[in-house]
Structures are given as structure tokens and as C-alpha cells.
Amino acid sequence: MDRKIDYKKTKKRLDGRKMDETRPLSIKTGVIENADGSAYLEWGQNKIYAAVYGPREVLPKHSADPLRSVIKVEYRMTSFSVPQRKRPGPNRRDQEISKVLGEALSRAVFVEQFPNTEIGVYVEVVDANAGSRVACLTAASVALADAGMPMRDMVAATGVGKAYGELVIDLNKDEEDAPDAVDIPIAILPNSEEIVLLQMDGLLTRKEWDAIAKLGIKGCKQVYEIQKKALVEKFELSEAKGKSQVAKEKTVKKKTVKKTVKKVKK
Amino acid sequence: MRDTVMEYETSKVLKFAREGKRVDGRALDEMREITIETGMSENAEGSTIVTLGKTKIIAGLKVDIGKPYPDNQDEGSISIGAETLPLAHPDYESGRPSADEVELARVVDRGLRESKAIDFKKLCITKGEAVWVGFLDFYALNGDGNLFDAGSIAALVTFNNAKLPKLDKEGKIILHEYDGKIKLARQPLLTTFAKVGGKIMLDPTYLEEKASDARYSAATTDDGFISAMQKGVGGSFTLEEVDYMIDKAFEIGDKIRKQIKQVK
Amino acid sequence: MDRKIDYKKTKKRLDGRKMDETRPLSIKTGVIENADGSAYLEWGQNKIYAAVYGPREVLPKHSADPLRSVIKVEYRMTSFSVPQRKRPGPNRRDQEISKVLGEALSRAVFVEQFPNTEIGVYVEVVDANAGSRVACLTAASVALADAGMPMRDMVAATGVGKAYGELVIDLNKDEEDAPDAVDIPIAILPNSEEIVLLQMDGLLTRKEWDAIAKLGIKGCKQVYEIQKKALVEKFELSEAKGKSQVAKEKTVKKKTVKKTVKKVKK
Amino acid sequence: MRDTVMEYETSKVLKFAREGKRVDGRALDEMREITIETGMSENAEGSTIVTLGKTKIIAGLKVDIGKPYPDNQDEGSISIGAETLPLAHPDYESGRPSADEVELARVVDRGLRESKAIDFKKLCITKGEAVWVGFLDFYALNGDGNLFDAGSIAALVTFNNAKLPKLDKEGKIILHEYDGKIKLARQPLLTTFAKVGGKIMLDPTYLEEKASDARYSAATTDDGFISAMQKGVGGSFTLEEVDYMIDKAFEIGDKIRKQIKQVK
Amino acid sequence: MDRKIDYKKTKKRLDGRKMDETRPLSIKTGVIENADGSAYLEWGQNKIYAAVYGPREVLPKHSADPLRSVIKVEYRMTSFSVPQRKRPGPNRRDQEISKVLGEALSRAVFVEQFPNTEIGVYVEVVDANAGSRVACLTAASVALADAGMPMRDMVAATGVGKAYGELVIDLNKDEEDAPDAVDIPIAILPNSEEIVLLQMDGLLTRKEWDAIAKLGIKGCKQVYEIQKKALVEKFELSEAKGKSQVAKEKTVKKKTVKKTVKKVKK
Amino acid sequence: MRDTVMEYETSKVLKFAREGKRVDGRALDEMREITIETGMSENAEGSTIVTLGKTKIIAGLKVDIGKPYPDNQDEGSISIGAETLPLAHPDYESGRPSADEVELARVVDRGLRESKAIDFKKLCITKGEAVWVGFLDFYALNGDGNLFDAGSIAALVTFNNAKLPKLDKEGKIILHEYDGKIKLARQPLLTTFAKVGGKIMLDPTYLEEKASDARYSAATTDDGFISAMQKGVGGSFTLEEVDYMIDKAFEIGDKIRKQIKQVK
């Protein structure tokens, strides 16, 4: 990467985006038949599967929480999702990401409604290019809604930060490698603007933070619109099927989901 | 709860089997529909998603430069791994590879390796110094039985379409540039059967596997060889049954190979 | 190994055997005092101990099967049993072999008679030279009979395949290294000829398979004769001891074993 | 029993919080007393014990000669590890690092690394051949909350005071002789807050952490940068709350940096 | 280390000590607030923290002993406590030391009084220079007394052995590296002189053993005096505090400790 | 069930002990019969089966070429491992080495190593480049107590009879050809005692170990040295008891050494 790139001069980014422009993002629900809810997401080069199982029994029992359901996230990457082959088994980065994603989702789901249970959320990155953790969080949130989980709100996430002298939204790999790069994964409940995920690496002034925070929230809200679209599409699709065999079998679940979607909309 | 449902479902499979039928309406020797997509992972040297009915598998190949083994100075190497992700089925667990995952990976690996489809000498860059080292890993994304065949197809298609990285003058990999392919000498494919209630069923679903007494797989090649066999699960087969399944494996293998040829 | 060896010309094998001749095989029962049943087997250079413990309680309990006893095989090799030192702990090959041996034995034992229990079968290779898995299966089957386990039949196993241009029984290491080597471990219930273990590696025509299958079943039956001999010897020995102290202590077990042996014979 | 006591104690913390108070009488934005000792381990290239109220942490640095990474031929490396020893609290367990320990180590690590406080090029001995490889590990000796800040102080002070080993003519380390230091470009420090019953509390105790909904940490530097942030636990913060905590983090960071300057 | 050093000639040791002189040893109790009992020990360059938790419930339950409390020792070293960085996680040496320390302490504590429980004893070496295991045992014993554990006696330990031609007490690292070094960790109950820990490495004649054994017991008794001092200091300190808040809170525990200390003295 | 039987059996051992007797009729200071076989593993550079009463152990040595450690450029190395196979006793479990297995391996290892029986300099092939690296592993085949002494005998006999591989001109091992031996400078052997109901018993059985309060082992050599000691289990010994056991260890050690001399 040429270290003399200056976004202040080029006015547009290496991949042609505007500073506040998110890479192309698309989400589809119901992609994993066995799961109670699932989503497939493409965000730039990132490609992610998310599946939700539960609420279900916790084993061993003594690890259950008598007051709430525990959201257990497993963030994983396939060995071929990164330029340098990733070894099997979770590394320390995976463990930390799993932890913060689970914490972020816990705020969105009414976990108090399912004491002594576990909600298993599995995200698998099959291709990656910067921002996989916020992509996973975005996909997982849609998968939870797809599972008909009662939710306070969606969780919408994005990367935001600094690269080549400018504040930018949704950094890609080339920008993450900028000498002045600062990458901030942020996630909010879009309706209340509560911050549920926030991490930061790099050097940032207090003033830069103010601008970045606004940019980040703006980015999350863009993401939220696409999440809603995915859920509405799913809902319309199942409506269209009318009294078809499939729709009948899943009738109870769909209703719950509808409620969630409405809630999210208002 | 789940256990009770499962018991009911498997007993239904058995009841149907006794009448020579299958719960999903297929004939005993009928394969589910197969779809094949390639190239979804830009970071992989090759990647493939195979769906086999509701079973869905993704395979990807990463290639790197390594040192040859002391006793094979002019040969590269290939390793195959398999994971049944908890994402793909409520019964799958994370953690160290289960015996099922180990067997799955090894049977798919042997089907390819022992057919001598891959010429390891062609994976040599500089004798005694640098060779291509390939890791093909496949992952269940949705598990509905017969991961053996789905994995075998995914692995074969991935190798067929994989590109070898381009090297710079110092012999280092240039990221995302490619130069040449891994040409396979033949096209081996696994075909798997389950014995359910005394009947031989091609391409078993998850429930049929649960209800089965025994499993048999044979890898066949396009030039008429059997390249691997594996019998599994606690029951048994007669020699006649094995002979029937081998013939069927050749027939089905040829059909799938035709479909694979269409994949670019 | 000279790659120009041609069994079609030499008419006999590198170690002097005929094509359908098994390496010398001997089996002894009752070699591990603590076990409920045990066997020591020498098959060519292969030397194997097998021990059976059970049926016994399964821990943790939730892993028990309410309909049958679970046969748990652990196939292991000592570090010094192979030319290149083997590291401690089971590798992937050991895990796969343990699995297929357990599945093969499950067909032979009336596992339905002991629901919620486990039968532990431990095989330890202390010297190896091709064919250790079928040697272990053969030993384990005798150890199960020695333990007085109610059995449908013995499990008799052999290697069979191709080397240096000929179809051969019971390949040794030199033959496994032949350029055209195909090694097929096969195991049957000798009385019903049911196939309970079958694995194959290499390139084989449909026609070759037909001949090999017959050869394999023939080989298994040869092995079966030696298994029976080992059990008869044990039975005669315990008969001879008459009312001795040892025999008295084990009286119940011996009776059960007798039954098994008779069954096997008919 | 322990659980019941714990429940009573945390409910007390919450009751106090609702009135804007803390069980130990501190103001919401008040730090506990900090003491810093250095040099207790003669075998370490640097070591520090930090107490933060009843929380007590020991950090130590071991430095060795290693090969540089292929893509950074002229750079040394630093790794940071954290252990919550079962010695330090009845709830801590031994065994493989828990998610909590991994997060703790990584947040302290990032606070230092991403501030570019350490010039890895200065850890080069001979380009392409030998570099300094540092391992800083810190251990909780008594756990009473806010291991993040205690660990961050301990790590910073250890690096400030660490000595690099002396090398003989063959380039080997001479035991217990030293030559030069690791000079830091800036002084990054974490400051951590918990949200308890809707109130933001600086420097939470173990009980306050147990009663908390959310946690937030920011690393600040002496030259006015934020160098890391980490939000934790299942609750949320408003942007206003985050802004408040960043300002407070700079204030507290500067105070502690003053105290650290006194440490020799 | 110069291999021509001869203690028979120098008459004093490399660090100036006499042959039967222990390195400076100091012990402090109550250093870890969360623990039921704790100690910090400096012995030459060795620096050790010890903490005791329990008696407490054993998990999983089936590993409990219905007749006694199980003393579970974890001996660990920080990565920076030795010249060559120690990797995380217990190595084989740590495992063996944990085992023998636990066995030695079991004799001193009236473990029969707390059936079905566990007493967790954690020792952490933060700086080491020969003799860390006996230093840990000495510290752990004081921590147990500090926890008010009912004890038959203290466990006092020392290193003893041979270096540079002389029998010496409490070998340091330089002496452990002597060509003729023999290092013997020994621990006794000082009042009954029962030996509860004894290990030995090296070459020793029967006659040398006789002298070393006496020297070792002498060394242990010196250590015992310092252990007692630490406990008396603690007791006096808590006495001095009188009816202060702290003392009140811990009143029950202190009493038990007093009893222990008295017992130890008589 | 097993537990109840075990309790009855150990209480019987204790009752006998109080009268100075043993369940199997041996005198307190009587060793069980020892048999020694060698050479069963053709792939090993040395192998031995030792039976001690009903206890049966197999040991084997594998030797390979390795790099010397940086600080011992002219010395080879030897590692000793021990496994109590689940094959050998219903109480033995597979999995990672238990504390018992670790202690067993380390005590047998030290008994040999610290007696300086093996001259590691003689295991050097080319200084700084190639040395012999030996791995001796022993496995319980049937466990009836005193694995220490059985393991010690098995290890010693294996080293006494081991052959070093022959090297070709390029310095590689020629399979199954040998050239020279590992000559031991002395013959160290462990002798183990259990304290049962206040009585010192030589060579305890499994039940006697279960009923014991304390265990003591001493390694003695043929030239009159004690080369290792290890006290185990929760009880204690008086100095007089230790002295008695050391004398007895020399006596028993000499007897077994005589038997070992007969082994070819």
C-alpha cells in the first residue's frame, strides 16, 4: 500500500467510495434449514452465515442462569476465509470477539423471558476483508429476529474510524493497513441509540472521536435499514405463500417474528 | 422432548423402509438433488458450496509454500479436514474433532489421495526446498445426512477449480494473483448407502442415518476404478449387498461427474 | 524396495509365503489378570494385547444408551511399536480405527442384553508390521469371548489386497509399500459371512474386487479356526484344573464362556 | 451459601447506587488508593506490584532473543498475558485461559500496542536475524475488581523500568547483566468504569462489577490521545455517557501518570 | 561456575554462609485479603505467595472423599520467576511438586474433621533461586495456620545436601549446579520429627545420608522457629487491634488460629 | 459395588498388617517373584517385559537422531515416560497423564539419570550437529502395585540391552541395522515400601497401596550409592524407618541386579 495516499486530496477512497459510504451490504434470512433462525450476509467481500438455536436446555445444568437466558456466541472463521490459512480451533481473537458479540446481543433480546436456558448463536465467516465482527453481529441480530426471538430492538453495527487522513465509515482491509488507521467497531440499538458494542485501536484525539461517534451511529442506522428490509422480505415471502404447506408448519414462529418486525419498525 | 420427536421420526423411517419406501418419497436408489456453486471465497485458492437435498457443505482450499518432507524431497502435500459446525445442526458440538468428524475427513481424503488423482510431484516448486502445501477444509453449513458424498463432491470440485498462487522473483506468494492449476489425473467420488430396516438406501438423510444399522461408501473413478471403501455403524452387509452397492456407486458416480463437468 | 518385483514371475512372496497364505498367527487368552477377558496375539511381527472390562457403568451417565451396551474400543500403539517413534496420545488414525473396530464388534456381541452399560475393549499394539487393525480386531473378539460375553458369533478379520501384480492375503509392510499396493482390512462373522468391517485404499477394478472379496472371506475363516483353537485350549485348560482353587473362583465366568464357545462351534 | 451472600451484597451495592452512593463510601468518580512497587523479581527484566484498593497485581517482563517475523525483518515483538490465579479469589479457576482472562490481556495489550508507545524497530538486534522478544505476564494476587486498570498500570510501569539484557561477543545473553532500556514514546493508561443501577462508577470493586450492567474502558495517553476503548458486559451506554467517561479517563490518566513518574 | 571450588578449603560457602546456615527467611501472614489464610515468604531470592481457601465444596461431587478433606495444592511459577521464561500452564515438574506438597500437608491438618470437602492451597513463586518447593511448603503451612485450620503440627521444610565437597543446608542455585551436588528437599512435623516430604537426586553414600538427615532435621527446626514467629506476630497484631472493627469481623477465625498456635508451641 | 469390595479387601489387608502378616502370605520384607523377558518389539531399539507378581510392565526404547541443546553441544538426551493403560486395571483411565503417571515416570527417570549411569556425552554423534535422542516409554499391562520397581527394572534392563542404530554415509539411520550399545556406568534400581497399619511392607500390591498411609522408594546402585529417594502418600515416616528402608533397598537392589545380569 502506498503510504503517500491522502484522502484529503483524493476526496474519494481507494475503492471509490465516499467517506461516509458503506460497502455493498445484503442480507438473506432462513438460509440454514436446521436452525431456529438464520441469516446469510455479504458485506463487501465479507461473507457470513449466522444461525440461532434456542432457547434450549443448558448443559451442564449448574452453568445455567436462573434469571435469564444466556446468549452464547461462537464466532469462527473457516480456514480459507483469510489470506493466510487459519488454523482450526478458536484463537484468542475469536474468543474475545465471541464474548463481546454475546454481550452486545444480550441487551437486544428479552433474555429474562427464558430463565435457565441458552440461546446458541453461531457465526461463521467464509470470506473476510475487514469488519467481519460487525458483519457477524449484524447477521446474528437478523438471525435472532428470524428465530422469532422477542427483542427490545435490533442490533445494528458498523466499522468506523480513520484512514489516510480522513474519517471514514466501514474501513476495508487496505484502509485498515493505513499508517494512521484507527478502526472502531460500534453497534447500537438503532431506535434508542444505546451503544452495545464499542472497541477501539489506534491514536485518536478527543475531537476526532466526536465526529467519528456521529459517523458511526449514522453508519449503524444505514445498516439497520438493510436489516429491516431482509426481515420484511422474509415476512412478505411467507405471506405470499399463503396457506401453503411450509407456511402452515411454521405458523407459530412466523407470528412471533411478525411481532418482532413490527416492534422494530415503530 | 427432542429425543422423543427423534424416536418417533426414526420409527417412521423404519416403518416406511419395511415397505420399501422412504419418508421423502424417493426411490431406495434415488439421489437427492445436487447443486454446486464455486468461487465464493476470494481469499481461498478454491471454494465450493454443495447442496445435497437439505445438506449443505462449503469447502475451501488454502495453498502455501512449505518445506518438503525429508523422504519426499520432490513432493508437495495435501491435507483434508472436516468440521460439523454447531451452526449446521442442533446435535453438532464445537470443540476437538469428534470421531465422526475424523472419519469423515479421512474417508474423503483417502477417496482422493489413494486414487492417485493428485500428482504430488507436480506440487514441487524447488526440489528439497519449496513445495506447495495445500489444506482443504470443508464445513457442514446444514446437516441432513450423507456428509460423505457432499464433502467428496465439494472437495473434488474445489481441486478441479483451484488456482495456484503466482510467485515473485524471490519465490514469495503474490497475494491474489494466480498461475496455473492443480490438474487431477482422475475424478474420484464417494457414493454412500445406509442399511435401514434391512433395505439399502442410497444417499441417506440425517433421519435415515439415525435409523440405520450400517453404512457403506465406495469411491469410484471416471476410469473405472474403485479407489476407497468404508463400512460404518454397528451392523453388517452381505457380500451380495456390497457388490450391488459397488455397481450402483459406479453408476451414480458417473452421473455426478457429468454434472461436475458443467461447473466452471 | 525394488520396484521391479513381480509376483506373477516369482510365484511366491517376498517372505516366501504363497499368495493365499496368512503369516503365522497365534492367540492366547487370559493374559491380563485384572481384565474380565483378555488375549495376546502374535501375527507375523505384530504383537498385540487386548483386554475387556465390563459390562460396567457408564460415566457420565447421560452418555449411556438405554437400549444397549456401548462397546468402546481404544486402539493404541506403544511409542516403540513402529520404526519412527509414535508420540503419546491417540492420533487421527487411532481414533478412526477405534471407531470402526467398535462398530465391527457391536454386531457380534448381544449388546441389547446390557442396556445402559459400557463394554471397554482396550487393544495395545506393542510391535507392528502391517495389518495391526485386523490383528487387534481378531484379538479383541477372542478377549470378549474370554470375558464370557454372550456373542452372536466371533469376529474374524484379515488383510487382503494386491501387491506386485498379484492378489494376496495378509499383506506385510514390504507389500504395503508396493507401487500397486491395495490393502483391504475385512472382518466377518465367520458363520453367517456377514461383513462387519471393510475398508479400502488404492486402485482396484471391479473384477479384482470379486476375487479379493472371496480371498478375504477365505482368510477370515482361517483366522477363525485359530481363534476357536485359543478358546478351546483355554476351556480344556480350565477343565483340566478341575476343582482347583483358581477354577472355583472363576466358575461362573467359565460357564458362560463355555456356552459361547459351543455357540461358535456349531 | 456463597451465592446467597453474594446476592445480598450486590443488592446492597445496587441500593446504594440508586442513591448515588457506593458501599465503600467513595464518590462515584473516585479512584481507590494506588500503590506501586517495582523490582521484586530478580530473574525478571522488570517487575511491578500494583495495589488498587484491595486489588493486587504482579507483572513481570521476560526478554529473550528471537528470530524476526518474515514480514518484519527489523522488528522485535511483545506479548502480553494475564492470569486470574485461583490464589487471588475463590471464584477464579485454574486451567486454560477463560474468556475473561483473554479479554483482560488483550485490552491491556492493545492499550499499549496501539498507542505506538513501543517502537518495535528499537527491539531489533541484527536485521533479519535477531530481535528482542518480550513476554509481559501479569497475575492477579488478590482480586477486588478493575483488573483492567491495575493491569494497565502494572504493565506500563514494568516497561518503563525494564532493562534489556547485555549480550556477549557471540550475541548470547549474559545472565543478570543489563544494557539499555525500552524507552516508551508515550504513556498510555486504561481507565475503567462500570454502570451500576444506572450510575457510572469509576474504578469498580468486584462487587460493583458483579452488580453492573455494563463496563467501559478507555486508554488515554500523556500527549492527548485516546489509544483504546472497550465496552463490556450485557448492558449499554449512551453516547453522552461515553463522552463523559472519555473526559474523566483523561483526567484520571493524568493523575496516575503523575504518580507513576515518581516510581523509580 | 568454577569446578575447582572446594568447600573443604574455603570453609565458607559461595555466598558467605556457614555450612549449616539457612539463607535469610521471613514470613508474613494475611497478605491476600480474599483468602481464608495466606502468607508471603522470602527465602534468599525466593519470593512466594501462598493462599488457602476452604474447607469448601468439591466439584464434581463424586471426586469428594467421604472420610476426609482433600488437600489440593497447586504449585505454580510466574513466567518471569526464572532466568528462562516459563511457559504458561503447569509442566510435569509442577504437577509432581503439587502432588508431594499436598501429601506432606495432609499429615499436618486434621483432614478427618471435614469429610467431603476440599482445602485449596495455592502457591505462586514470583522469584526463584533453588529450594522453591520447600519454601512453598513452608509458606503453605503458615497459610493453613493463618486460615485457622485445625492442625496436628506445622510442616517445616528445607533443602539439604551436598555441594563442592561438603554437606550443606539450604542449597542455592550456584550450589545446585556443583558437579557433586545432591539436593534433598525434606519436611517434617517439627514436634514429632515425622518425615512428611523427602525427595533426593544425585549420588550419596549411606554414611553421607546419616549426616545429611540430621542436618536436614536441624534445618527444618530453624525454619519452624520463623514460622512460629510469623504466627505470633499476626496474633499479637490482632490482639493489639483490640476491639477494632477488623478484629471483630474476624473474631471467630482468630480464635481458632490462636488455638492452633498454642498447639504448635507446646 | 466395586467400592464396597475394595473397602472390604483393604480392611482385610489392614487387619493382617496389624498382626505383621500379609494377605498373600509373604513376609513383610519379601519381594514377589520377578520374571524378565526382552526383545519382543522388533521395531524398538530395546524392549523388556517385567512381571512382578501379577504386575506386568512393558518398556521400549526408541532412538532417533536429533539436534543437541544449545548449552550442551556434545550431549545426547533421554526422556522417560509412563502410562498406566486402561487395559491394565479397571481404575486406570486414558487421557492426559495423571499426577500418578507423571510422578511414576519422573521417579524412575531420576533414579537412572541422577545416578549418572548414562554418559550423555557418549550419545553425541557430531558435536553441535547430531546426537542420539532416546525415548524410553513404559506401559502397565497389568497393574497390581509397585509400578515404581517394575518400571525401574524394565527401564534398566532395556538400556542394558538396547542397540544403537547403524548410520549410512550420509548420517541417516539404516532401518533394523545396529551398531554399538548404550553402556551404563552403574546399575541403579528403585526399591519401594508401603507403610500399612504402621508396618513397613516391601513391594506392596495394589491393595496394600490402597490401604497404605505412606510410600517410600530409594534407588540404590551396584557401587554403593543411593541415587534417588521419593516419599509419597499422605502419611509420614520416622528417620529410623527411613534408615531401615535404605538398608533393605541396598539388599534387595543387589539381589535383583544379580537376576538382571542373567538376562541377555
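Assorted remarks:
Order of writing sets the chain letters: A, B, C, D, E and F. Residues in each chain are counted from 1.
One rule holds for everything that comes next: contacts are C-beta pairs under 8 Å (C-beta built on N, C-alpha and C of every residue); 3 or more make two chains touch, one makes a residue touch a chain.
Since the structure is predicted, the reported quantities are computational estimates derived from the model, not experimental observations.
In terms of the stated touch criterion, subunit A and subunit F have no partners in common. The chains in contact with subunit C and with subunit F alike: there are none. Look at the CA centroids: the one farthest from the centroid of subunit F belongs to A.
Of all the chains, the one whose CA centre sits at the greatest distance from that of subunit E is B.
Interface repeat of C-F: among A-D, E-F or A-B, over half of the contact pairs recur, by residue number, only in A-B. Put simply, the C-alpha centre of subunit D and that of subunit E have 31 angstrom between them.
Subunit B and subunit C have Cα centroids lying 29 Å from one another. Annotation for subunit F: residues touching 2 or more other chains are 97.
One closed ring of touching chains is present, and its order from subunit A going to subunit B first is A, B, C, F, E, D.
By the touch rule above, subunit F contacts subunit E in their complex via residues 97, 99, 102-103, 105-106, 110, 114-116, 216, 218, 221, 224-239, 242-243, 246-247, 250.
For subunit A in complex with subunit D, the touching residues are 92-93, 95-96, 98-100, 103, 106-107, 111, 184, 189, 192-206, 209-210, 213, 217. Residues 40-45, 47, 54, 56, 58, 60-62, 64, 81, 83, 85-90, 94, 96-97, 135, 137, 139, 141-144, 175-176 of subunit F are the ones that touch subunit C when the two sit in their complex. Interface of subunit E with subunit D (complex): residues 32-35, 45, 47, 49-51, 53, 56, 74, 76, 78-85, 88-89, 120, 122-124, 126-129.
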